[in-house]
Amino acid sequence: MSADLAYSTRRFTFSAAHRYWVEDWSPAQNARVFGRLTVVHGHNYTLDVTIRGPIDPQTGMVIDLGELKRIVGEAVVERFDHADLCADPLFRGRVPTTENLAVVLWELLAPKLGADRLWQVRVWEDPTLYVDYRGP
Amino acid sequence: MSADLAYSTRRFTFSAAHRYWVEDWSPAQNARVFGRLTVVHGHNYTLDVTIRGPIDPQTGMVIDLGELKRIVGEAVVERFDHADLCADPLFRGRVPTTENLAVVLWELLAPKLGADRLWQVRVWEDPTLYVDYRGP
Amino acid sequence: MSADLAYSTRRFTFSAAHRYWVEDWSPAQNARVFGRLTVVHGHNYTLDVTIRGPIDPQTGMVIDLGELKRIVGEAVVERFDHADLCADPLFRGRVPTTENLAVVLWELLAPKLGADRLWQVRVWEDPTLYVDYRGP
Amino acid sequence: MSADLAYSTRRFTFSAAHRYWVEDWSPAQNARVFGRLTVVHGHNYTLDVTIRGPIDPQTGMVIDLGELKRIVGEAVVERFDHADLCADPLFRGRVPTTENLAVVLWELLAPKLGADRLWQVRVWEDPTLYVDYRGP
Amino acid sequence: MSADLAYSTRRFTFSAAHRYWVEDWSPAQNARVFGRLTVVHGHNYTLDVTIRGPIDPQTGMVIDLGELKRIVGEAVVERFDHADLCADPLFRGRVPTTENLAVVLWELLAPKLGADRLWQVRVWEDPTLYVDYRGP
Amino acid sequence: MSADLAYSTRRFTFSAAHRYWVEDWSPAQNARVFGRLTVVHGHNYTLDVTIRGPIDPQTGMVIDLGELKRIVGEAVVERFDHADLCADPLFRGRVPTTENLAVVLWELLAPKLGADRLWQVRVWEDPTLYVDYRGP
């Protein structure tokens, strides 16, 4: 009998600043497309990391949550909590939209968690907006 | 290289009244099936609209959120906020359940957002009940 | 030694319809003052009832929560859940604003809970608006 | 014309105690793997039950919510609310992780709701952790 | 008969950036006292404005919510939403802590709402931290 | 000029088990008064600690939040997170109601934070029930 497959999701939070700006564009074009988003501001981001896998028959777990907490803490929270996204090399040439942030978080976590185990990252910019990304 | 695919979800709210009533049924049958739901009451509805698409390499967006806000505002919020669902022609012959409301919201939004971009509407009647609809 | 004084608050919910309308005013005046609020709509109301009193040295309680639940259930939830506030005699001549609803809920609960024990009613019309009332 | 397919989700809550302990392991091994989780503690669990099915053309419902409430109430809430999960025979030989709790809830609900109608159980242990299970 | 006194609270949100920095201190001293807070980051702020006053016997309102929304929108949301608090002259010489932000918001709102009507501003920096201020 | 007075509140969480039982009573009497609460179960408790004091003119703070976090972490979270309240000596002879838990938390925190600075502890047993305690 094969083990049961389940999806386990753990929520993380971090507070960061950002602004929208395309270097190749003139200030006028940036203002027209992004409006007030061109001004530096910030958010309390919420990150939901979903791991997909069989439930270990002995421990009853899809993943050890202490391990997950440590990995996401080191790779994401320490990097982006109380930080300016625009100052991070990962956002060089990438507008720090919620969509691109989701991609960046996937790129940071997939090598550490395994692209076969990592099912989805969901990033909330605020309680009215979230983006799901499931890998390239 | 193709663009990354992501799902972007924006939350909207509106407050409306409704009651459950099937015109073809007798009052006794309506009461037996729907109970207190036959009396006009109301809810703070929450609508989560999910757009699925490639992330634009330049803007970093699946959809311009200002555009999304304008479309849903005009098609849904202006129509149903501070309104009685039962008085709307779209609910003629349709009991205004959360399920049917989800279908109606899809029908209003799909032509404007594109049925290929609109991935899902999720309607919360209250914090303990929601319905997902992904089109016909 | 006197018993410790504490404030115990229990949350209740009910869904109701209402509209704003002053009978003595013309339709034009109602429309000018209340706008869209003149159209019947509704809300998921949240009611926080706060009881103030000494902690019983034996049971460790300010009030028996089963008793509180029964009293508020009978006096408020059964009356206003799935109901139209405007159809209730208590709102005859009173616009069903959140303020007036708080007063009405106090008037219903104070005789049953005791005006000396009932400390406050807080009524949320939606997650962005609440009114506190502590009696006449 | 076939009926529209929708997913209807209803939220339930219950408060229970548990501890993590593998009988076949020594206390030292349990402590090493589970740490503080070996001490009895508890949670306010939230259960989201999702039913998938066609919308009934007359009632506008995927499932009668009164029926769903009664079934989950009897099978789950009465059994696990104000209970110690470890004392329940269903957790004999199963560590009461959120993953195993999701499987147990599926096993209790699928026979009563129909495995074809029951789409998913989502169990929240707290606001930062949830597990999804969609059956064996 | 005098009118009933009630407290009406309306919630607003805005997203802003900030960092903690005392100009008179050396970078080392700033780092020792404020740590990571010296790096620009941001938050989704929530502002709860409480108005205290008699309930108007005719309209049933403590304050017209449209008027409150307009005043707070113009004085606060337009100024601080998508803005860097540190760039605002009101924070010249004031560390933009939640405490000082509460004072600033009071100073902006009291002249417009009336210090006798404005009862309290509550500012949430995130869902785990808020500050109440009731005037000088 | 005296400093501005403000109230700063920080939220903490811990998960614990408990049951209601008065040693002096017979099992029958315990069952009659407490019902299902006599069975061991548990909750995700939320603790809101409010500090009242002048805003430091230089740091802009009522209290250093790092200090507050350390004190509450050591005195409360380490003691009660993943613990059985009934096994703690502080609950010997005290039914672990939310009221008594609030008193116990006050007694633990007041000596460390100062009874003059500690304004209130608010304890949530679940999202529908909380108790406020402001000292003896």
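Order of writing sets the labels: A, B, C, D, E and F. Residues in every chain begin at 1.
The definition used in the following text is that contacts are C-beta pairs under 8 Å (C-beta built on N, C-alpha and C of every residue); 3 or more make two chains touch, one makes a residue touch a chain.
Worth saying up front: this structure is predicted, and the values here are computed from it rather than measured.
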Touching chain D and also chain F, the following chains: none
Path length in the contact graph (chain A to chain C, fewest steps): 2
Any chain that touches chain E and chain A: none
Remotest chain, chain C as reference, centres from CA atoms: A
C-alpha-based rotation, chain A on chain D, 0 to 180 degrees, nearest 5: 120
Euclidean distance of C-alpha centroids - chain C vs chain D, Å: 34
Distance from chain F to chain B - Cα centre to Cα centre, in angstrom: 41
Euclidean distance of C-alpha centroids - chain B vs chain C, Å: 29
Residue numbers of chain E (touch at least two other chains): 127
Full enumeration of touching chain pairs: A-B, A-D, A-E, B-C, B-D, C-E, C-F, D-F, E-F
Residues on chain D engaged by chain F in the complex (per definition of touch): 13, 15-18, 36-37, 39-44, 81-84, 126-127
Chain A residues touching chain D - in the complex, by the definition given at the top: 4-12, 55, 58-62, 65-66
Complex interface listing, chain C residues touching chain E: 20, 22, 33, 35, 94-100, 102-103, 127-134, 136
